[in-house]
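Each of the next two complexes has chain A plus one other chain: chain B in the first, chain C in the second.
After this line comes the complex of A and B, so read on.
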């Protein structure tokens, strides 16, 4: 041990250095947020809780039950049950997401040809019961109203740019040509 | 042999193959939409274009024969461009329906568009047909149709029906039945499988699932004895649809309506879910434990009081061989009785008896493609395309390939319509027709052609003496000339085949019919392979071979069911004698006189309603098992769904019952059972030809009181009493009917659709009449499937296995309601 080292040891130089930094921080503005009192707004395209988009024209879900989201979902947590409705149309009887198994990849949102499913910016949904985190069609539509609402369409178009309009049959077919 | 080069690979091929076939055989991919293995080349879609060196134009691979020295390219930039254009043109007016189209995910057009197609179209047009929604089971959506014609061709060329065709022109072209009427066909669904796109769909599957949600399992059809391989598509443990897959099973992808749509019988409303025990006259729900102890005690008591010989059992032609074998084992080891039999006794047993009496063999499995390549094929009073649809198709195929198809049948069946020669004989005169042929063959000296002398020839010559062409043609009701022409064709052919069915449900053929056919064939020097008589149901043969019949002198079905009082207790497994067996009155009397009746079934059948105890059994697909089809091939089928309610596989019920009766049968699991089964030796018998004169030719006799002959049988969409549980099949046909000729309808004042009263000396029933020119004058045809019609109450049976056509009387009863 050199003399220098001995002096450092005896007078806690290292520790005092550290404390000096601590002292200096006492007089600066804190960077942490006081969550839950203070909430951070999600950025555009944040992948939070799922919602089914309401068709503004009908008030119903936009989803047609094509099953592409369920096909692409890597954790296989989307369940879709369809049936033949009145006037022989396809109706989505049940649309369910087992949110606890979701990995928030948002593949479902990208796969949907109708822009009918979306991940909302809402991220606070811990719960004591698994059942509450099993999303049914009703709950998913409510999620849209709660967390996206009117704003949502805007947000959706801007960020996800859904291909729905390219998919309308068959009158819109000529529009395929980009002008 | 020719040699050609495809994509730089030297390939050998047979002459006459098309380029596409050669490529397929060598695993070279050429896209195609309108080609179908079973059909003639059509060349409609132009997707299979290939480049042939030295040819200026692109050639359609599906319709260009491969030639020696051809050099072919299947994937060049030029071809890709051509294919893209073809697709672009196909997509001009194709709706963007994929998200709601049930074909998505397995759609050929979708796949090809993905592979080659342009993502933008230079053309735009639109079709505005309405999807056709009114017909049963099959939906047509003309907007999605690419007019490849596969459905049209499969329906006509392969199925021999011709229910649909192109109508309209240009953009308005669509697939439709004549005059855009509602589809009214066999509902085999072959067109649905053939359609490469989503223009044709099975209604029960409509919007039920996407292709990628499904998991598939192969199984064996539970209906007829062809034993087709069905590909079951399940979602979350429920069967949603059935497909035939090219190249799979004895059927090679073909299916009939029963196999394709009839699977939903397992979801029928009448399925049993718990054991039922009769208490104070009512069947009430009970637990397995209580029920089995009750059954055990009763059986023990009866055995003690009346002896083991007073207990009998009836096995099932629809349960697996494991189940039937277990029943036999139970009866033998636990009860100690050999009184066991199946419905085969009424039909197929007689076939085997006749074969033994002539050829000396004990088994004669059919071969599905036996008609192909024969010079003359005679189908005798049998609606093969209804009872054994896929076997029936082979007759059409043979006809298309040049076989002379002769059909002797009073009914205008599909085979009769498509035959080379249809001889409309009188009902139940098939045997006489055969005897006439024997007589004719002897006159022609056919018996002298063979070198070796067959035993009993003199007796045969003697016995057919009366059946001169003149006499026979009078008896069967055709011109003598017509008869002689047919006879000469048949007798003088190089190769020939006789096909017929003898079933429990049919009353116009029997032992003597098969006997006559066998005699005729022996006389012409043909072996048993030329006589094709398929067994009835999925496991008729299996039940027989696994020993579900008296083997040590026990009582057979006739004694058990038609001899009231001969038994005190009866154990019925998966059979409904009250509906499916002739002379319902006697059967009912027998059953009512029993002290103890146990019925083990998947549903509350008519017989079960009389039972003291009803045990719920797991249905096909809810348990593993094995069927032996009429070709003698054992085909195992898997368990894919869970049993309904508390139902248990048949063999397990019997194992449990044996345990309760304190008997260890040594069977703990299916494997053990199968091991024992595999040790069963079946005696095929040695061929030992011998003529056996036919004694009782029965041309049905009508009297003034009973002036019309009633013939019973199976129809296309149903099979025994099982298929009526299927909702889909009931969509096509759910009510009993009797077919009557227009002449008789007029004579008896019967209107189409009204109820008529049919009476025979055995009883009377009320059934809806259908006037149809499929039926000749003097005949009624009644399907046997519907319990409420009680047709079997009118029909007698014959212990000699002879045909027993029933003369009946009919009365129009515009006001009467059916009596239950």
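After this line comes the complex of A and C, so read on.
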């Protein structure tokens, strides 16, 4: 053991260095949040509670009952029941999502050819009963009004509805400096 | 009364550790036989987190099975997704475009950082150092926020797709990731100031759980657990996938094969990952993010679905039946995830669903080496040994 090592050992140098670091942290801004009081905004395109998109023209759900979302859902938690309407059109009788079994993969959103189902940025929906979390068509439409509203259409266009040009590269590329 | 002299009796006691023990990193159960402080026998029991992922995937189309892989090693879900997508892509004979490859490499390395800092925090916490845990979770939060910005989910991302990635990276995302790579090396130094030379840390890690290079290979160890013993084996270097052959990085190696060397390996890997991310941002090429010439395997863009007949048909068939024209055959593709070698072995019978999917999970192999590491050591070092092989039980039990 050299003298230097001995000095380090006797004077607890490495431990003091560590303590100095933690002490200096005392004077910096805390990184934690007081959660229920202070909430962070969810990022654009957050995958939270489901909603059915309201057609702005008719005020009804956009969904046509094609069943693609139910077909792709890996946890099989979407149930769709359709029937024949008065003018021989298909009408969606019931559209239900068992939210508690959902894994939030957003495959339903990707599969829907009409952009009729969406995941909202709302994530605080725990409840005391399972029934309240069994989303029927009415509840899903209400979710749209509550958590997306008018802005929903912009938001939806921007993130959730991939178009052909979303698959292309944006024109301006960053000019990253070489390090 | 007459006193009867009885010889002092010694008996081995059996100690049940887990499955709820906080230091077993999940639900690992160890049955230890102790002679005083010494471990005589150690038997790991796995299976408490078995969800039947391999079997479940047989009933799903290739695309549907993707979220299942998130739930294997849930703290490095991005790397699992990439491994699965690569395996399926090679089976189908398609290839992701350049831009997607760079994005995947970038997010894989982000996952490596987040996984290693969780490992560092919990491992140090198990061995009595509380502060690195708090500091490392600060950086993990940063990475999770970036993931949220990227794809809307923080933990179970399901971001890569067969033939590319889900959506393009935004300028804002790249900017904040670049800032992260500038800041992160300083944070690594902070962790090192806290524990690297700390005498308690050294006492608890140096010379503990030693495994020689030859033995490590024989036990089938991979990843940093193997490299800590000085074996230069990294799938990213030996069998490069995605963009790993176009970025520069070193493979850190240990020498003694003890807990401390494996710790050093992972700390160096953090630095190398930062380097890779930075190169990926700098070299990110332009182009599409989904394989453009594989309409039978990848979903068509949304606005074309209702515009032309062919896309509509492809969209419906892909979603309801899975990929058309999946070739028959079998494939094994291994990728380097933060824990080691993650392999997907897929057997295809030509339908849209895998006939059989087998996952070679590094954690499962690593859990089997525990008796070798623990037996003959002290009971307090069992914790150090569980931490150092870096297992996640979600992947181990599948």
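In this section, the second predicted complex is superposed on the first by the 139 of 179 C-alpha atoms of A that agree within 3 Å, B and C clash if a C-alpha of one lies under 4 Å from a C-alpha of the other, contacts with A are read in each partner's own complex, and residues count from 1 in each chain.
Keep this in mind: contacts are C-beta pairs under 8 Å (C-beta built on N, C-alpha and C of every residue); 3 or more make two chains touch, one makes a residue touch a chain.
Since the model is a prediction, treat every value here as computed from it, not as a measurement.
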So in the superposed three-chain picture, is A:115 touching just chain B, just chain C, both, or none of them (first/second/both/neither)? second
Counting only touches as set out at the top, which of chain B and chain C does A:43 meet: first, second, both, neither? second
Figure out whether A:106 sits in contact with chain B (first) or chain C (second), or with both, or with neither. second
With both complexes overlaid on chain A, does A:82 touch chain B (first), chain C (second), both or neither? first
Between chain B (first) and chain C (second), which, if any, makes contact with A:22: first, second, both or neither? second
For chain A, which side has the bigger count of touched residues, chain B or chain C? C
Can A:68 be said to touch chain B (first), chain C (second), both, or neither? both
Examine A:31 and indicate which partner it touches, taking first as chain B and second as chain C; both and neither are also allowed. second
Mind working out whether A:90 is in touch with chain B, chain C, both or neither, as first, second, both or neither? first
Note: overlapping chain A surface for chain B and chain C spans 68, 71, 113-114, 167-170, 173-174, 176
Listed in rising order, the residues of chain C that touch chain A in the complex are 60-61, 63-68, 99, 131, 138, 141, 145, 148-149, 151-153, 156, 158, 166-168, 171, 174-175, 178, 190, 193-199, 278, 281-282, 284, 286-290, 299, 301-306, 312, 315-316, 319-320
Going by the contact rule set out above, which residues of chain A touch chain B in the complex? 64-68, 70-71, 80, 82-84, 88, 90-91, 113-114, 167-171, 173-174, 176-177
Over in the complex, which chain B residues touch chain A? Could you list them? 93, 95-100, 104-105, 120-121, 124, 126, 131, 133, 206-210, 212-213
Of all residues in chain A, which touch chain C in the complex? 9, 14-15, 17-18, 21-22, 31, 42-47, 68, 71-72, 74, 103-107, 110-111, 113-115, 119, 159, 161-164, 166-170, 172-174, 176, 178-179
